[in-house]
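In order of appearance the chains are A, B, C and D, and numbering begins at 1 in each one.
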Amino acid sequence: MNIKEVIAVILIIAFFLCAYFLFPKPVEFSQTVSIILTILLALTLLVIGVMTFMGRYIERRVVFLFVGIALTLPFFMQFDLPVPISPEVQAAYDELEKLPEGSKVLAAFDYDPPSAPELQPMAVAFMKYAFQRGLKIIIMGLWPQGPQQADQAIQTAFEVIPELEDKIKYGRDYVNLGFQSGNEFVILRMGESFKAMFPTDIYNTPYDSIPILKNVKNYSNIDYCFNFSAGKPGTVEWVQGAVDRFNLKMSAGNTAVQAPMAYPYLQAGQLDGLMGGMAGGAEFEKLTEHYDKATVFIKSQSFAHAVVIVFIIIGNVAFFRGRRRKK
Amino acid sequence: MTEESWILPNKKTALVVLILLCCFSYTAGQTSDDSLNIVKDSLLTPPPDVTPVMPKNVTAEDIPNDAGGSIRITWDLSPDDHVGGKVKEYRIYRSDQIDGDYEEVGASMMGQAGFTDNSAETGNQYFYKVAAINYQLFNGETVWQVMSETDPIGPMKSTAQWFNMDRLNVFIGIIILCGSIIYFILAAKGGKKFYIRKIAGIEEVENAVGRATEMGRSIYYIPGINDMDDVQTLASMTILGKVSEIAAQNDTRIDVPVSRSMVMVTAKEIVKESYSKVGRPDAHQEDQVRYLTDDQFGYAAAIDGLFIREKPATIFLMGAFFAESLIMAETGNSIGAIQIAGTAMPAQLPFFVAACDFTLIGEEMFAASAYLSREPKLLGSLKGQDVGKAIFILAILIGVILESFGVDVSRLFSVR
Amino acid sequence: MRREIPMAITFIVGFVFLFAYFIPHPPFNEFENTFNDSFSIIAAFAIWLGALNLIKISLVKIFKKKSDVLHSSFIVISFLVIVFFGFYDGIRGLYADPVFSFRDQGTGFNWLYEYVYSSLSATMFALLAFFVASASYRAFRARNLEATILLIAGILVMLGRVPIGDLMTGWLPDAFQISNWANWIMNIPNTAGQRAIMIGIALGLVSTSLRIILGLERAYLGGD
Amino acid sequence: MDWTTFGVWLAAVFTLGIISFLYRDNIFYKLCEAIFVGISAGYWLITFFWDNLYSKFYSQVTDPVDPQWTPWIGFVLGALMLTRLFEKIGWLSRWPLAFIIGATAGVYMMFYFVSNAMLQVSATILPIYTGSISGAISNLFIIVGTFCGLIYFFFSKEHKGAFGGAAKIGIWFLMATFGASFGYTVMSRMSLMLGRLDFLFGQWLGLIK
């Protein structure tokens, strides 16, 4: 460690301590400051581009730095971005709209806290929408932390619309069956019997004494399924195990990285609708008129995308420059 | 009458008025009691003409191609089944004797013309009745309910089948595919030679190992993060067998940090065997294969640390990878190692293509161990796979043409 | 015998499970489930082998090789701490009324999970934000036709899936809107490519599985 | 300072420790990594113990109403797995492995053959003209793309002539797929960091709403 690095570390620690104890909260930039900062960011990138053109290449840590800045700044900025609705999100929403009040919807939460930034906004919007529409929700998870994420989503929905908390009763309007290990085999076995896989709910209430589960034996008693998936087991397993074998109707919210794999199923009609990543979340928030995290995050996301694209261009400048040299 | 007389009536009128009042209040009391009863009655007894017409054509059939235990009951909707109509739901009753006690086994919402009874015991005979129900709710309680139920139908038994006819097409498909693979394996065994094209990633394996030998550094082999219950991990293990043999021949250390205990057990066997196969069992060290953690990112963090500190010259990433693929591949790239990757995870392929020197795409990874072994039998199986591919390609071509002329052929490949 | 019996087991079990797919009759319909449960139980035994291996290698480093002492001792200590809480909370939960699970709110195990494990895991995952940027900076270069196709598809999808794309082309007719292009790429060429890869994988997987069942690939058995 | 506040501070320290790896490998990251490895190995050991061994074996075989016998299969095979710990009988651990490998090969062969091959072929058999030109072009692209992509994977024929041309088009489609997946993933990955930044600046420092 050289002296510069020591100073940098001390400065970083000092910054965080100041931020914790001294800064006014929350910090918000005015519109002018926001614009100035955006222009500054753009100018620095331009300078890097020019330098690359002159033959001075940057190392990857510079890319890291700019991505970090692009992700952080919009948190504090004030501006709005339009969010157009893509057909697959619209389809998911339309299918939900078609369900009559009192329909039983199976909500499978197959993700954990690391993937929550992408999926939690969707889950919150979904829960809020379902409760307002009077859909009956049966929650389960193939990932150990999934059911807890569902609980969090419900809590957030109650915080957003306090009157829901009085209207919605556990056991009558929704139930959390908890986690069951066994991946796709759980899905298959639920085709015969839910109870075999979930003898009790998450609070150890026996399956048969939960009102909402009366007459729910297997998928044939479920009107719709919604899956929030961050990997395996997830949407692919649900499609293969439940949709293909038991004719369950289903839409899914996926992390953006999972989404491309789900597209073939969407195209083949095995999935009705699909919400991919933060953008899908923001679109769903717009459709359900619940503006929350995804709507905020999508701004940072846009900035970061722009920065990545600029760096791809800079990379190509470097590449073509190098090739001309060789010739 | 004056106003005063109203205010101060004489005794006679007062008496009359009193009597009249008593009579009135008595009758009034009478009528109010009566009217309450009438209101109550009107709630308790259904108004006339609310009884729905019962559903018709009730049928029950054993669900085919299953393990038994399910009977499907279907009916034609009651003519009263429409929005605002007299049918609220259908209830299904079951008994094991035609005139026995019928108990409810489930209900379907209005508009639904079927119900699957999954609680039937295989082999028992049952009779079913379907009832169209209309009811009135008041403060969440049913105040009245009327129904008209059908005559019982049956007897019906559910049975279990020994072959799922719905999957006949899959059966034929897998028999053809396995048949052609086995045929070409046998043909290769009999001495027939097949042309197998070059696959860049696999061709480079020996060079990559050679590079590590030249540089005097080690090789890292990462078998993905899934357990032995993933065929990709099995494929990765067979490739490890070949790679560690080459490494043992070149006297280059191969390190296999794994994230699953059973993979550790298997990899230990494989690496040990490779060293003794090339006659250098003494060069094998017990800690070449080591377990880190079952956790996806814990494993990635540890692998990153190992890459940065040990600086291997060559890295193999073969098996089932998820998000950690790029964390590892980028770190591997930053230390300048030659990287050969292979996975059947479509979502991770782009990152390997971007960050590694060579990538085996899906099927190519499964072909790698056969290719590396150069054993004719195994190469024969690749030829057999190609036949399968050719059949699928032909099926798509012919199917598209037929489908364009309105013949439904895609059904032949769909599976329930 | 050390190789023959396992090979026979693989052969028999492989074929039985293969054909069980076509037989709905009990007990074959339960085979997949039985396998899955058995696998979970075997894995629960096997993980002790892994954990012991990790601890052994760390202890050897600390006491014999005297290298990486700090690093290795942190591994051992943090492992022991969470294992202690896992058993302590789990057993306590079994005898409590009402029964609770080791991962419920309020247990020491859950605290470790929430503040230590989760934050480490989520941050490690989040590093991808940076790696994906540097990988695209390096890899998305128009080296040749194939690379250029990759580059164009990537940029269109990247732009089309966030509002910037719409800011750029929102005023144009539908056919020129970048988000529509992105959707088209996702739905059409992406589907086609994914499908080819998926069908190929299925064939490769069937062939590999068959070679394993037939005992042609038996590296996993090791030596005699 | 209560346990939650302490936890948040600790989480923040770990978050920064892992991020510091981006600059270069350092002692701070190395310690975070060690803690991560230890904690996560223990986490899964415990999870496997309670979720698998306890719930799927012990609870099932000791169920007072309906005790199961099938979990004993796993128990016996699992116990054989532990013979690895003893040099002399270590070879017995190959039996459970052989069982797992055989079953995996058998089960997944069908799983993938159906979902990845049969159903995808079924979905690709599309009528070319369905009433709109754009629909026809889309269908044609899917059919040609899948067709050429499969040609690329042929092992036993040299990529030459018309066959080679089709394989080439196949590569173009694969590249478009990779580009699209990559582009989509960039988005996904950015969101992950947003989650951490939300934690640092929101939950920890309280700078954002």
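Going forward, a residue touches a chain if its C-beta (ideal position, glycine included) is under 8 Å from a C-beta of that chain, and two chains touch if they have at least 3 such contacts.
These figures come from a predicted structure and were not determined experimentally.
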item: Far-end chain from chain B, centres as C-alpha averages; value: A
item: A-C against A-B, pair bridged by the larger set of C-beta contacts; value: A-C
item: Where chain A and chain B are represented by their mean Cα positions, the distance between them in whole Å; value: 21
item: Euclidean distance of C-alpha centroids - chain A vs chain D, Å; value: 18
item: Junction residues of chain A, two or more chains touched; value: 60, 64, 67-68, 71, 114-115, 144, 181, 244, 256-257, 259-261, 264, 267, 276-277, 279, 301, 304-305, 308
item: Residue numbers of chain B (touch at least two other chains); value: 67, 170, 174, 177, 229, 231, 234, 262, 265-266, 269, 292-295, 297-298, 301, 323, 346-347, 349, 351, 353-354, 361-364, 367, 382, 385, 389, 392, 415
item: Residues within chain D bordering two or more other chains; value: 12, 18, 21-22, 30, 32-33, 36-37, 39-41, 43-44, 47-48, 51-52, 56, 81, 84, 94, 97, 100-101, 103-105, 108-110, 112-115, 117, 119-124, 142-143, 146, 150, 153, 174, 177-182, 184-187, 189-190, 192-193, 195-196
item: Touching residues on chain B, where the partner in the complex is chain D; value: 169-170, 173-174, 177, 194-197, 199, 228-231, 234, 262, 265-266, 269, 292-295, 297-299, 301-302, 304-305, 308-309, 346-347, 349-351, 353-354, 361-364, 367, 382-383, 385-386, 389, 392-393, 395-397, 399-400, 403-404, 406, 409-415
item: Footprint of chain A on chain B - complex, ascending; value: 67, 69, 106-107, 109, 116, 118-119, 297, 322-323, 334, 346-347, 415-416
item: Complex contact set, residues of chain A against chain D; value: 1, 12, 16, 19-20, 23, 25-27, 61, 64, 67-68, 71-72, 75-76, 114-118, 144, 181, 184, 236, 239-240, 244, 255-257, 259-260, 264, 267-268, 270, 276-279, 293, 297, 300-301, 304-305, 308
item: Residue ranges of chain A in contact with chain B within the complex; value: 60, 100, 114, 192-193, 215, 217-218, 220-221, 231-232, 244-245, 247, 257-258, 260-261
item: Of chain D, residues touching chain C in the complex; value: 3, 7-8, 10-12, 14-15, 18-19, 21-22, 30-54, 56-57, 70-71, 73-75, 77-79, 81-82, 84-85, 91, 94-110, 112-113, 115-117, 120-121, 123-124, 138, 141-146, 148-150, 152-153, 170-187, 189-190, 192-193, 195-196, 199
